[in-house]
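Next come two complexes built around chain A: one with chain B, the other with chain C.
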Partner chain A sequence: MPSQPPLPPLLTPYLSTFPQSSLTLVTSILDATGNWLVLRFLHAALSTSASSNTAFGAEGLHNGTKKKVVFVSFVRSWEFWRTEAKRLGLDLARLADKQQFAFIDGLSELFYTPQAAHATPGVSPAGLGSTPRAILPLRSQPGAVPGRLPAPASTTEGGSTATPGQAELGIARKLHLYGRGTAALDALEKDIVSVIDQQRASMAEDEELLLIVDQPDLLLAATGPSMGIGATEMAEWHVHATVLTLAADSPLIHNASTSGGHPAPPIETEHAAFTIGLAHRARSVLQLRNLETGAARDVSGVLRISRGGGWSTGEEDGLEEKDVLYFIQRDGGVRVFGRGES
Partner chain B sequence: MAPVTLSHRRTHNLLLISKLLSLRDSASPLTLLLDSLEQPATPLIQEYLRRAKLSKAHVTLIAFETLKQPEGVDAFVSARRKSAGDIFKEVGAAYQPAAATNPSRRHLIIIDSINPLLNSKRADPGFHLPSFLSSFLAPTSPSAPKAGASLVVTYHQDVPETPPQNPYSPAPLSVLTYLATSIITLHSFAHILAQKAARDRSLAAPVFGLDEEQDGVLLGRSDKLVGTRTAEGIVLELEHRRKSGRGVLEWYLLPPESRYSPQQVKEVVTLLDDNPLYNPPTEPDRDAGDEEPAIDQGDGPGEGGRILYDMGEEDDFDEEEDEI
Partner chain C sequence: MSFRKRNIGLSSGADRATVPNASLRPAPESIPGIRPSPDDGRPTTSTGTPSLDNLLAGHAGLPLGKLLLVEENGTTDFAGALLRYYAAEGVVQEQKVHVVGVPEQWGRSLPGLIGSAESLDEKRSDKRKDERMKIAWRYERLGEFGATIAGSRAPTTTGEQDPTAPQTPAFCHAFDLTKRLAHPSITNMSFIPLAPSKESPFHSVLKRLQTAISSSAPNTIHRIVIPSLLNPTMYPPDICQPEHVLQFFHSLKALMSAHATRATAMITFPLSLFPRSSGLVRWVELLSDGVIELCPFPHSADALGTSGAATSQEEPPQGMLKAHRLPVLHERGGGSDQNVGQDWAFILSRRRFEIKPFSLPPAEGDKEAQDAPAPNGMPNKSDLEF
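On to the complex of A and B.
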């Protein structure tokens, strides 16, 4: 099968133009994951700025707006994204070096209580209590220490701290969740915003900053009501121009209504409220799902692009709604086509 | 339906919606907009803003969802992470200068989504929805200006509610629908047409979006529903409670914004029943008054059989030109 261009032509307009402070929602289900789409977002944002650095004005396709990306990932590691991006011809580590790109790791140490010295200044250590001592003998994590410094550090500092090495390179920050309720979310937000500010500091006038958050619904599932984190608290958290991926499997969406007199379990209710609430705010919603007619050899799934509740009537023809098929080839290339086309 | 009652209904109900949307005579102090992902309330809010601008009313937006101040909003109050009491204070503070200069100015308060307030985990135990809403409408201090404030509250029907802390208190939606003086439920025109087409053929009405209960489908709305490309606009299902207690139910159609100029004063909303796509005219109007041609019975054998025809204006008969 012929290799595909990294950006499917049908999708290019949806991947590369974002109005100020808009929210784009990508929903996926277990059988139709959104990783490939996230990678296309990354590529659309980063490859142009990479090419315009090397050969200026090589492509007139993307309106010439340069972009920086801050990428927060909650369920997949840096290693995963780096390898996958490489298959698209995108060197994330190098881009991170050039400060085009910043990766925030929300996976590896999210529930790992950091050492006392690393505590975020803004948060009272109420949730920490007596734990820090027990942690001290463990190997020091290089990601957190340089992050406290004003410099956009870890890429430069990463080598100087003795341990893990290459894999840690390019991770701007690791997120830690401690405390409860909004205080915990505030701390996370602060961490993310500090990275955003670092990026913004080195930004040229005409550059745009894109925030991609991969599967923050993990927090809902992993913390739950006992931590005082619900859909409302989560939704308040996203206040940037953002691409967000969420799961929309039907158990998570459709079990929320009380059926047969049984009250719905909290995670279903919260997840549905979170996802649907965000869809109400989103400018566009990209929904991935299975083929209704069953598995096919040359179709991986269906992508529906709709306007969300936050789409403003002002931009009449800015966003065309579509229902297209996609196929992920063995080499990672993706073909996107309409029904009946091949 | 007899034509007399339809025209009667048309006059009355168009006047009513015009009054409601333009906030005239404080016809509805608390309007509840029930929307869903299939038809968000944004176009209707835009219409409220447009009319408020024309009538120079002061608009306050209490924003739980909106990030940027939209055009036409005079005071923007971000409600993120704020308690009900703080929100109320901020709204009062934002309105104060405008009220001081022109106390008779109408005041429109829009809450872009009430759901976060109802579902918040941090809700203080003292939070009481009816008193929160009525605090905007009834100025607490007697010195406060007596300008008629109207509250427009959007509620997303498809966002599930968290179970109430007190199992004996009514669900927030019940409280809202009980308090509201008008309830406008929004529907997509294309969906209404599709459902009507199915009903006309005695088929089960199709469902869209979340109701499809399909894995991975949140939104089913699409502009390109087969055969309804021109079916733009939104359908408003209005329930208005008069002071007398009598309710008015009516279905309206709000055309898309691009169809009229922002300055247009004439009513743009029409009755849904008047729309040719929804209610296709069965036959042209001209035929309505006509009867079957009468045939002359004649007096005796051999006579009669002629068609009797009274010439009308529309025949444009010229005596001199056409001789019979």
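On to the complex of A and C.
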């Protein structure tokens, strides 16, 4: 099969234009994951060579505005994103050096801080890592009093940019969940906002900042029922546009209503409320799911692009709703095509 | 390894040796039980079950750094057999095996070694050749599992059948469930008990895994074995809270991606206690790299079993296997593998756990066809005859 352009032409308009303070939602399920789509978002925002886009007449939408990206990932490692982006010809580590891109690691030390993190202070890693990083010890035991703010004494360690290891290059910050309730969430938010501010500080007038958050719903699921991330908080992050990925498997969405007299467990009601609430605020929703008719050799899944509740009717031309098929090739290339085409 | 040394000489500083990419390079061949994936060259290790290795999206093994979740319906313990093969393979390859939550008796019940998997295959194919004349030609192609499923594995397989093969160490071994494994390194297995504590009992488990992995020599490969996670006979009841389980899975994922070339994990999970339709289980699945579900046939389906075998030489399938998510493939978007969406059946015999395409029995006559598809306890043929 011929190699595919990094951005599928059908998707280019959806990947590269975001109105001010818009929210784009990507939902995925167990066997139709959205990582490839996130990579396309990254590519659309960060790729400097517009040549791949000009070929398809999309340059009008994309050129002119340079973008910066802050990327928060809760379930995938930096290593994964870096190698997969490289397959698209995007060097995230270099971009992080140039302060065009900042990666916030929500996987490696979110709930459990390895002892090694408190080792001797090392050389500060390249790029954004050179800023002091707050290393907070893990404190997520269920017994803690809800809402209690743990003593911030441990932030005195903030001066050490320890954490040895090569994968550290390019990681702007590692998130730690610490405490319980909204206070813990606020601390996470503060971490993210500080990286965003850092990016904004070096921004030129015409640049746009895109925030991509990969699976924040993990926080909701893994911290018990007491925490809800309000979509209002997201809106206060002063970024140009936000892309969120969420899981939308049917057990997580459809179990929420009481069935058979049993009230649904909180994990399901909270998740459904969170996802549906965000879909109402979103400008556009990109849903990934399986082919209803079973697996096929040349189709990986279905991508449905629809307007969310936050789509403003006054928007000129706007967003065409679409239902397309996609296929991920062995080499990582993606073909997107309508039903019946190939 | 040698080409990285040369790299140091060419470049300016020592930081060159710590290229982030290095961790994704195939592990040096000198480590037994590790081989590069025929698909993209990443290091893989065997699950101890050749046909499960072949199922894993063309990698012909479990890629290092990945976590495989095996779910099982009902009260049978087929998943436990898979897990024992996995642990036994780790012992034989002299990898460091960590078993979580069960006492040391579990380690003494590992199946005994009978040789490399290829040697067993050869024996079987010899037997098959002898019987070839008896098999009707139209069923013959249904027989050999490896031939259909392992398309991408073909070059490796032929390589292994070279005359030089005996010199190369075996990637996967065959085990006998009725024997007990006796291997010098079996004492190397470590058993991590669930320590009752105020916080999550998983914390001490994670801490021990973390220290064990980070303090071992860099070429030690670790296997994390967790039998029957959340089973109430082993786990305290409050551990089923999502914050405990999901934080454990998340941290385990973090641990394994931090040591992406040094650890694999296999976890079995009882679905009868925690149905797949619940949000908790779905999150557990979302946090795993590979998800496989075993659906054993109930006993009354023995009739289906016997006629379900394509030929009389084959053993009847004992259940269905569903691959919901495969390592690496689905992380990238998935769906293009030839094995996805197939119906699989599995057969556990004394010497092997075999996974093969499920095929309905050939129509042998009206009567046969009518009572064959009755997995739900309908009267079978022998009940009706008098």
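Throughout what follows, the second predicted complex is superposed on the first by the 261 of 342 C-alpha atoms of A that agree within 3 Å, B and C clash if a C-alpha of one lies under 4 Å from a C-alpha of the other, contacts with A are read in each partner's own complex, and residues count from 1 in each chain.
We adopt the following convention: contacts are C-beta pairs under 8 Å (C-beta built on N, C-alpha and C of every residue); 3 or more make two chains touch, one makes a residue touch a chain.
Not measured: the values here are computed from a predicted model.
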Query raised in the report: So, A:E321: does it touch chain B (first), chain C (second), both, or neither?
Result: first
Query raised in the report: Which partner does A:R289 reach: the first (chain B), the second (chain C), both, or neither?
Result: first
Report task. Would you check which partner chain A:A32 touches, where first means chain B only, second means chain C only, and both and neither mean what they say? Result -> both
Query raised in the report: chain A residues touched by both chain B and chain C?
Result: 31-32, 249, 290
**Report entry** chain A - residues contacting chain C, complex
**Finding:** 30-33, 35-36, 75-77, 79-80, 82-84, 93, 107-112, 114-116, 140-143, 165-167, 169, 218, 221-224, 247, 249, 251-252, 255, 265, 267-268, 271, 290, 294-301, 326-330, 332, 334
Query - Partner chain B, residues of chain A touching it in the complex - result: 20-21, 27-29, 31-32, 181-182, 225, 228-233, 235-236, 239, 248-250, 253-254, 256-257, 263-264, 266, 269-270, 272-273, 275-277, 279-281, 285, 287-290, 292, 304, 306-313, 316, 321, 323
Report task. Using the touch rule from the top, collect the residues of chain B that touch chain A in their complex. Result -> 35, 37, 40, 42-43, 46, 65, 67-68, 70, 80-81, 113, 115-116, 119-122, 156, 158-163, 210, 213-219, 221-224, 256-258
Query raised in the report: Tell me, which parts of chain C touch chain A in their complex?
Result: 18-24, 39, 198-200, 203, 206, 210-211, 214, 241-244, 246-247, 250-251, 253-255, 257-258, 260, 276-283, 285-287, 291, 324-325, 330-336, 338, 340-342
